[in-house]
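Structure provided below as structure tokens; questions to follow.
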Amino acid sequence: MPPQQKPAIGALRLNADMGESFGSWKMGCDEQVMPHVDLANVACGFHASDPVTMRKTLRLAREYGVTIGAHPAYPDLVGFGRRSMACAPEEVEAMVLYQVGALAGLCRAEGTALGYVKPHGALYNDMMRDNTVLEAVMRALAAFDATLPLMVMATRDAAPTQALADKHGVSLWFEAFTDRAYDGEGYLLSRQKPGAVHHETAKIVDQARRIARGEPLIASDGSELVLSADALCVHGDNPESIEAIKAIREAVQRQTTQRGGS
Amino acid sequence: MPPQQKPAIGALRLNADMGESFGSWKMGCDEQVMPHVDLANVACGFHASDPVTMRKTLRLAREYGVTIGAHPAYPDLVGFGRRSMACAPEEVEAMVLYQVGALAGLCRAEGTALGYVKPHGALYNDMMRDNTVLEAVMRALAAFDATLPLMVMATRDAAPTQALADKHGVSLWFEAFTDRAYDGEGYLLSRQKPGAVHHETAKIVDQARRIARGEPLIASDGSELVLSADALCVHGDNPESIEAIKAIREAVQRQTTQRGGS
Amino acid sequence: MPPQQKPAIGALRLNADMGESFGSWKMGCDEQVMPHVDLANVACGFHASDPVTMRKTLRLAREYGVTIGAHPAYPDLVGFGRRSMACAPEEVEAMVLYQVGALAGLCRAEGTALGYVKPHGALYNDMMRDNTVLEAVMRALAAFDATLPLMVMATRDAAPTQALADKHGVSLWFEAFTDRAYDGEGYLLSRQKPGAVHHETAKIVDQARRIARGEPLIASDGSELVLSADALCVHGDNPESIEAIKAIREAVQRQTTQRGGS
Amino acid sequence: MPPQQKPAIGALRLNADMGESFGSWKMGCDEQVMPHVDLANVACGFHASDPVTMRKTLRLAREYGVTIGAHPAYPDLVGFGRRSMACAPEEVEAMVLYQVGALAGLCRAEGTALGYVKPHGALYNDMMRDNTVLEAVMRALAAFDATLPLMVMATRDAAPTQALADKHGVSLWFEAFTDRAYDGEGYLLSRQKPGAVHHETAKIVDQARRIARGEPLIASDGSELVLSADALCVHGDNPESIEAIKAIREAVQRQTTQRGGS
């Protein structure tokens, strides 16, 4: 199977979580999703994955020319890294380095390299609301390789996060979500709230298109919300969601071509 | 505290296991031992250590100019990596890459680098008696960085191990033991046998001196055994053993100087 | 859904592995299989399962009147308990007690109780070929509750295993396999050998019927092999295997009725 | 060594954490402390301990006639159960049942029994400030064995905790601390605050004596604080602390005798 064409530079890149199987347990449809995304967030063994699974995932990503990102997490396999843990900053820093290094080692063995880092689950959420955690992650990246972008959530005001990144000499990629509603600050509306998750492909694709065009979304408080994003987060857990990824990709590519041509 | 003088090139280097604490549990006397060894076998989180402990250990090694080695193991914290596990070759290969990469990532963050790899405990023993395991480890090293030496046990006949290393393009460091008796093949005499472990410092230092001079040891079957070694394995778990390390070091350095001067 | 009728006393009981999901990872079709078996081998957290999954599995077993067995294993989640580990006898004994106790604790909370113990995977295999392991398991059972039967593999000659059980005051249940070929000693033919695994439902059901009738199987060396079994091991990982379970059950029940009526 | 005399009924019982070694790593001075306490909080494998260590600890407790308590924790070995984790109530409930059951299974094998349950570390702290966690723990105990007391922290106002315990049909033991300062609500003063931890044995023993007599302590806000306690928490990590335990014990016993005689 030949590698898919990737979107032109400047386009919104699609990222998806990959390599989340663990030992004998399978998760995700990596082989079906990989051809349709640009960035693979590869689990590093703390919330999911194991050395053999990581290696297979890297080979699959390389086959499709997909950029590999490290997806470090809290050490919580049974909770899938989704439970916030009160870790000290030096623990966060060291655990990110350990996981990024482990994946980088497997990349090196496969003749490929890491392209970015995106924390997973509760570590990602904690990082977005607690600068102590965010700065610990940034220190890890700055120490390991300051040229590796850190993927963070695009919110209404990117300035505070950007200021911290500048302080640590780290570059950022901002990602937006296509299947989630936003609150007025540009944070994801809690899943407990009605309408928090979009289920219809048409709505998801429309949100993707608006973000790609730089058009505003309507936040849950009724305000207009423009998200400046480098990447879109997509999920490919079942056949329907894989179809949605294809539709998002087509919408985003067409839009990029139009912007590129204007 | 200033770095200690290291032995001249060509001398037998002393290696010791380091960074074997885990979370709140302490093990070893790393701060007392580090000044007196050349090579630190740093645990990588599978049999011992954790990201914070690994990082501290790297800093300590750097402070004393000690070369850092990765000390990968089977995934068995409660058994301290001492229980043989029937892992498939691709599992061994990937777990070595994962652990070596993790430590290399922390090294990179500390501005230092890995100098060699020495498998731990049951993985080391299995590798020395099962070529399937040994070749899996060698493939991992060849894929990660073929310039990193693999430390293996010096036995009577190094040729078979060397032939495998040549096949995989990997270089070897041979290590000998100062506090253990050898059988006729040059393998360690089982701890179950009487006289398997030397407890008197004089005997330990004498064995170190003989190895350094290229003089034969007397194996358990009465035969003479010449071990060609690049390194000596030492242990520093208590004040007596640290004194023994100092005595070994002095004996080995003096011997090296004499050989160098002849 | 009403509980299924269970086979008459004296009939071969069907046992299947259950509760092998782990955190977010799903495994097996427990809800489809549970109505058709008599005995549920419930994972205890060392090779699979977690406290929440164990509790759900117990509730499901209770709903269908299925007897609950503890399914202890080596501590090896990533290897699913399938990799032999060189554990000391006192480690085996204590790890079996820990796991059996944990499941018994959840049973107590659910108002039910353990009915037997069947070691899993590599621990089961090691126990069948190494009396040191077998006796460690037996000591655990004798100390915890000598009335709980230990499930072991039916082989050509049950006498040596029975003698050990008598020595420890433990009772045994012997199980036979319907989808595996046997060697001349009555052990499972290695999966590496051709014909080791039966894939056709007709052949599987025929083997079940022969065991139920006390008729001989033909071992891989051509000899006749009569297995005296209390239980049959079945697997329900997919729709076809669930159909096979139903067919086995029907064959075994009819056979039992005929024997009972003669 | 003969068992020590235990305090008369009605006396404050001393409890200490025990069995916190893990595999090859040692922690605590269990053999020195056990003769001087009444209640052993035995780690259950989630924050510390392993099946072999748990069994040894039970035997030691039995030797000295010390009552055995289960000391369940969050699943966090590397963090020693000291890091709060955002677990769902049904996860807390099931993990407590699993750990209590595992220890109860080992007790049964040793011919002894559990006497109470005291959550460890972050689980204990979370339980004391979040009723959702507390009720999850109480549901676990009520389901497993409602006669087992739950040990909780004595604060200024025990009524709310007692009301929850009554609702779930669970009995409580209240414990006070001898080496910590209290705030005005009767909670432990944060370790970040000056004077939070008492280091002088005289001060520790005086606080123990006041609690035993029902005399007020002086809280950090200057108010008088009377703590009604069934038990005192002590720590025996080094020779000095073991001497403090002996002094506390003597002070508490003498006080009890005097109260008993009046």
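In this document, chain identifiers A, B, C and D correspond to the written order of the chains, with residue numbering beginning at 1 in each.
Operating definition for what follows: a residue touches a chain if its C-beta (ideal position, glycine included) is under 8 Å from a C-beta of that chain, and two chains touch if they have at least 3 such contacts.
Because the structure is predicted, anything quoted here is derived from the model rather than measured.
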item	value
C-D or A-C - the one linked by more C-beta pairs in contact	C-D
Chain copies touching (chain A, chain B) - same or different residues, decided at half shared	same
Centroid distance [mean C-alpha coordinates] between chain C and chain A, Å	43
Inter-centroid spacing, chain D versus chain C (mean Cα positions, whole Å)	40
Junction residues of chain B - those touching two or more other chains	50, 78-79, 91
Residues of chain B that touch chain A when the two form their complex	45, 50-52, 54-55, 90-91, 94-95, 97-106, 108-110, 140, 143-145
Chain B-facing residues of chain C, complex	75-76, 78-79, 83-87, 91, 122
Sites on chain B touched by chain D in the complex	21-27, 48, 50, 77-80
